[in-house]
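As structure tokens, the structure follows; a few thoughts come after it.
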């Protein structure tokens, strides 16, 4: 007897609304239909009406967990359009925050995977350690989420010696604990029994369906934007590309924990090798006409921004493709022939950042009476309008 | 006088009032142990050390709005929590805590009462299935079918494990079994394997991690409880707390030598022994992750059932050698 | 292979079909093809230049034409293929036969720009709601949204 189970748009397994309609026979899934659109906010259209600086704030709010990825990817592209060369110190600080964000995002995901698998103790321990990273980020940038540290031409806040020492301390503690989680995640029998062999995606499928990030790495596809297209400081840092060859959720757990350990190495290198100098250079108001493609390795995969400028202070076109959208066809493949019990685990294993994946068009205005979606988008647009008039401080000196 | 004692037995100890208070206390104990193992605080503010938290939860739920889905079978939907509560409370009456005379059989302690208590403890599973079924919600149906599937797994090992000490003690009456082991405490060690099997099987019966698939929050919303709210949900949760107490009481009576010493000392022994078993159950809950339904069944039949049969064999052999 | 090698190789393989072949920055190669040559060019990129990974497809409203950029990434460089269709007849072939992962990006193009992708395996809307009216293509430059006047009870709007 086959019937359709709707997972979403509202479901405890999902952190954001998305509708997956599964056709099931008994406990086996025979077909999946992903329906998107619940988190539309019309960011690409809105970006055409805002100037370059306002767009940094806009792109930052594409997502909460990977906010710095979007802002950095955008700022990288704009700096290339404006032919700016940000100072080394600014770049180091910017990518230090990137790696800290990668750590925080992967730890968050690890806890969520534990929770989806029913291993609540693991979830609690990992999130306790994530607080160390959040405290470090708050110390450096002033915010736990939405760091707002990028500006066109560099960063807005500087690091002093005390902060550097604290970062090194925090990273040392986290390193010990992360190694413990690697052992735990890979060897605890009930957890491994739950996640091994689940959500299989073979190497050929990963390549043909254009999977990206840890999802592809767990299937043995060794591609990472930091290695292939090294931007800014990554060609000066020494780190390894982590892959696994089990092609299942266990592989994704292992890949992410290994990436976290590599990030600790990178953070230490960046702190110890932080060059002196300015943290930002002055950016012009208008950009010369041209187009640029900016790629960035977000915690979830490859983030790509295409920016076209037409000589004014507003972009002609901003196209954002967040990594989760690229992983959806692979998700459909992974869910097929799985069990219902594995749905949240498989879906969580791609580390979905659904609000990243749907930004394209304004949702409001076409409907007259429909309440819920309209009001949500209205609220979000109001939230976007708030930081419009926030000034940008260049070369700000940390006051403490 | 006898009427007064009976009323005291039914309503106060070990009747409804005691079961209510003690089951909320054991829920507090379970939540506190679980939280401390996870480096958290657990209930802290309500009452001293958070002791009143489960009672507060119960009364809060009683005060909430009760929504019955339109497509559900209203009569069945509404009556099931009350029936469940009645069943487990009756099972609680059969524990040999006091008011029983070892020489002659009474209403609450008679030969065969171990079978009756096991039967009464199996009924809540059926009640859960009916609750999920009568909700006519897709997630409840899946939860209900999982509940019954799990029943096929753990019931046999549980029965075999609990009945082995009974065979050794040569009696089907809980009070006599407890008295047998009180006289010969060393024989308790012969039942260690059965104790472990029964512990794991009870964890499955109570639907706690690693066996909490029927109401796995992240997969099927609330499982069998998805549509329940307000008073009905409060009664269901109370049913499960009392079931935990009664099952631990059963295990304590059979494997840990019962509760000797009359009313007062027996009460202390009851509390200590059941808390020990609940502590073990909380440990298992904190240290493992949820496993899939097919893995439960294969684990139950490949690991638990053979161990329970082994325990039975050991018991039978031992009986041959005992005077 | 460095960028210049790849550019030379592309010139040899595609010849006159690759218009406006540029290398404006490190690891960025752009070229333009007509819509008829799109599928063969993509097949060539996938087989010979190790570009099985499609990052995304960008749509641009350039007035008289719609331009589409296909962003491919190989382990050594990124290659971006441009194609254009007239606004009056926006049809072009789908590359889903070559790159199965392109279906979501093409669905997005269809609903946002109102173009028709021929041979797309699944042509439903991707992001827009089910009751979005037909004929409204939000990413076109002439589609504007006027924000409704906010009414604050008891105050200035």
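The letters A, B and C name the chains in turn, as written, and every chain counts its residues from 1.
By our rule, a contact is a pair of C-beta atoms (placed from the backbone, for glycine too) under 8 Å apart; a residue touches a chain by one contact, two chains touch by 3 or more.
These numbers were taken from a predicted model, which means no experiment stands behind them.
Most remote from chain C, judged by the distance between CA-atom centroids, is B.
With centres taken as mean CA coordinates, the chain nearest to the overall protein centre is A. Here the spacing of chain A and chain B, counted between their Cα centres, is 45 Å. Put simply, the C-alpha centre of chain B and that of chain C have 62 angstrom between them.
Separating the CA-averaged centres of chain A and chain C is a span of 23 Å. Put simply, chain A touches chain B in their complex at residues 3, 5, 11-13, 27, 114-122, 124-125, 128, 188, 190-191, 193-194, 339-344. Note for the complex: chain A touches chain C at residues 36-37, 40, 42, 44-45, 80, 207-212, 223, 228-229, 290, 292-293, 295, 302, 304, 306, 308, 316-317, 319, 321, 325-326, 328-330, 358, 360-367, 370, 373, 381.
Interface residues of chain C, counted against chain A in their complex, comprise 24-25, 27-28, 52-56, 58-60, 69, 71, 73, 75-76, 78, 80, 99-105, 108, 112, 125-129, 131-133, 136, 138-139, 145-148.
Partner chain A is touched in their complex by these residues of chain B: 37-40, 138, 142, 209-210, 212-213, 216-221, 286-295.
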